[in-house]
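Shared chain: subunit A. Partners: subunit B in the first complex, subunit C in the second.
What follows is the complex of A and B.
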């Protein structure tokens, strides 16, 4: 994870500059590295063993998001330093790699899915297990990716319910995951 | 810490479990290991994701302790697999439910298991994803790279493969012996 390039404000420790909401839940073994700013919104849950890497661009995560263990958020190689934005109510499942520029509200990124560099995901998208979104790709709202690169538009109109479910899940996870916010401040 | 081998790869428990020092087990109090189970490096077991919805039968496991992950005997969890109790909405509240794994279950490297039940003598290959609330019955073989969709029930003696996972064949009677994991357990040294 060490970058050979010179960075302007390189802190010696892997600790990165962060803006953490007071109601954030973050597991003890989560890893926040990099030199750009990492912003995490309120009521968001970061599972243990999640990796957020802001070495190449800032990361902004909204409210009510769930970021699961072993997922990797942030650019893994140099690109535009525009940064990535994850909007409210996004669920990132185990082992997903997210390098997108933005991810719309209520999207679900399932197990081991991969979102390429600078991709733009619309609202309420669902990226199935092991599916990939290419670099610079723009995925419209309500798209579902599944199987071997198949896609469809899901306009079943239950997105408000789904957001509510994510909120409930956050409530439960708040009780289950020992919070270690102080360690990352 | 074991007395005789202070820096071996595995810690051996009283019941003969071999747990790698580099495994990442969270919520150990809520995990039951049946004994003679091997847990390799970088395996994640999420014992912290407990059931929060009160159960009617008072199924709290032994001694009233809540159980998130129950594992039988002679199981083998290869490098970097992930065991995670599934969760869902039920009657307006969200809860996780226990993940139960029976005996002689092999789980290949980097597989992610969110099943509700995995029966005895099940062989799951590498890089598989077992979706939420899947039920796998006894003597099932899941081939490498399979994505088993959520809520699927896999009958006994099936071979499952593909994305999404489908039953592609049957386990023949002669193959059944290959599911016994006692030899693999013995071959794991410290």
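What follows is the complex of A and C.
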């Protein structure tokens, strides 16, 4: 898309339709493209240089989420236009590629992980660094993917604590990231 | 066939110095020239034994007293320091002997994914983030940040956030306490006291006494079973032969004790008092009878439980082979896994096996990576690098993919690390050993390499005369002229390096063709191409000699020899085999 500086002389891509919560934190260099609706919930943090692409399906991101830089959210090629839902308290780490249909509450998608098209992630999952979830895969709640495609179910029962930690992280990021909400409205 | 990087491996001469008898039995069947004397034989890089004597130069050390290359096989390792790689705590070797080679503080690895575990409180502290830093707060668990495993899953919690190792040693998976060896011993002593004090105790009476403390039918884990068995047989031995009680106490033979000495003497003098006594006492020994004595009876239904568990919990509850390997005891299920204490690491000093001089010695402190002594071969013998002579042709994929039967030239660059001028002689067999005989010619087998002097000094000395000019001349020839290497002449020369040309005619890798064209070996076993047989490896015998300045000793780093006569320049010589992997032969 027209994200790099070189293309910027060409007429800018039309702004994608958005519904942005007033308490959202979004960096100036975040990239929101596409024609479908992008909805971002309250207290969510979108880092600079995050790419949200709604060319093929709408994107809905809940409250208290952290979407890190260089992550790519949204379908990258045509698929069903059912749209994609990221629930509350989800953390998408640097460089992750998310094309899932839905991601459950409190999940963490680690650095450079890949979630295949139309995959469904349950609640409080953790996709380890560089791990991949296949297309159309359904990952049950509390699943932890780690290492070389190993899986286990996390029964530690501290998900509330983790959600609190995410909220705390959002608080700090709010102070660190220069907000430019107006640009995307 | 991916990318090929040329390599130069050096043979450590220690493999030659073994007694001749070693070579008779296990001589490789491939070697044709087994009847030859060791010195005359061409080193065969494909011989199975060659694998164990070839090293890249970086792995080799150099003993300055023996004036010889030293490989990992001919040095002795000495442990300088034990330390934990996680907390970098230096563990005294006495502790290693008594406690084993694991960190005994709080360093653990996750049994599921081997990531380091961290200690954290179970109680959600009201202040959230700071909860881990505060010493208050209820029980603690070990947590894996990577796979979210926590010791809560195996039912283990700790009272204190430090000294986890000691706490873990007392808890079984599930939270039951482990009866430690010391407690068992105490219990045993108590029992013995009771039995000896009590009047006329029969076997049943003893049994009742024990039941009060420990269950004689309890199922022991491997460690406590061993300690029980050991204690039992020690006491049996002590009872069976009171004269030699001294000898066997503590599992030590203790040859120093007078009792043991007289017993040993008795062996030679043909029976004495000690011998008779011990004989008369024989037959008092009995075997272990219950769990307290370390006996575990395998019940016929013991496996049913495991099968049941497998059926109910399924495949996911079983531990993988990797996970099992990390455990100290055999475990089948994930719930039986225990956190792995970090294995200690060592810093080692290396000594020459023949003269016992130290070749490498690191600083004993864990945090420093410096070495006090490090005599690496890289500083003492010329290194060899390989480059293709002709530039890469457009169609060519890699310069190191050579076409069969087409003469190909390579540049061998020798770099001299010494502060003296060295003379180098190199020799190769006309044909490489192995099934495919490649023809090899070194165009300039004899040359001199300049000293590794200071670059600044060199620049100052330059001016009119010098090597630089010669270098320029040869270089000019190469670029404008016929682009051909001349026999007997060095290709290019620098301050402390020389490159010479070696020409190779790779053999064809096909097995077709008339019999007379094939080598003996090919006729013998025929068949397909073996693994890596297409790699073009050239054995090269390198002989280096130079005149070391005896007075120059300290600064030159060449000690030993010429102690009295400091003015005399000493001639040094070093000869060794190298193997150059120059490329892969293309297959049609």
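One rule holds in what follows: the second predicted complex is superposed on the first by the 172 of 185 C-alpha atoms of A that agree within 3 Å, B and C clash if a C-alpha of one lies under 4 Å from a C-alpha of the other, contacts with A are read in each partner's own complex, and residues count from 1 in each chain.
In the analysis below, a contact is a pair of C-beta atoms (placed from the backbone, for glycine too) under 8 Å apart; a residue touches a chain by one contact, two chains touch by 3 or more.
All values derive from a computational prediction rather than experimental measurement.
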Practice task
Please indicate which partner A:69 is in contact with in the superposed arrangement: first for subunit B, second for subunit C, both, or neither.
Solution key: first
Chosen between subunit B and subunit C, the partner touching more subunit A residues is B
After the superposition on A, what does A:136 contact: first (subunit B), second (subunit C), both or neither? neither
In the overlay, answer first, second, both or neither for which of subunit B and subunit C A:168 touches. both
- Can A:94 be said to touch subunit B (first), subunit C (second), both, or neither? first
### Query
Of the two partner chains, subunit B (first) and subunit C (second), which one does A:147 touch, if any: first, second, both, or neither?
both
**Report entry** Contacts of A:183 with subunit B and subunit C, given as first, second, both or neither
**Finding:** neither
The shared contact residues of subunit A with subunit B and subunit C are 128, 146-147, 165, 168
Subunit B residues touching subunit A in their complex are 24, 26, 44, 46, 48-50, 52, 82, 84, 87, 89, 93-96, 112, 114, 129, 131, 147, 163-164
Per the touch rule, the subunit A residues reaching subunit B in their complex are 27, 29, 48-49, 69-70, 94-95, 111-112, 128-130, 146-148, 165, 168-169, 171-172, 175-178
Note: in the complex, subunit C contacts subunit A through residues 112-113, 124, 128-129, 143, 146-150, 152-153, 316
Residue positions on subunit A within touch of subunit C in the complex are 126, 128, 144, 146-147, 150, 152, 154-156, 158, 160-161, 164-165, 168
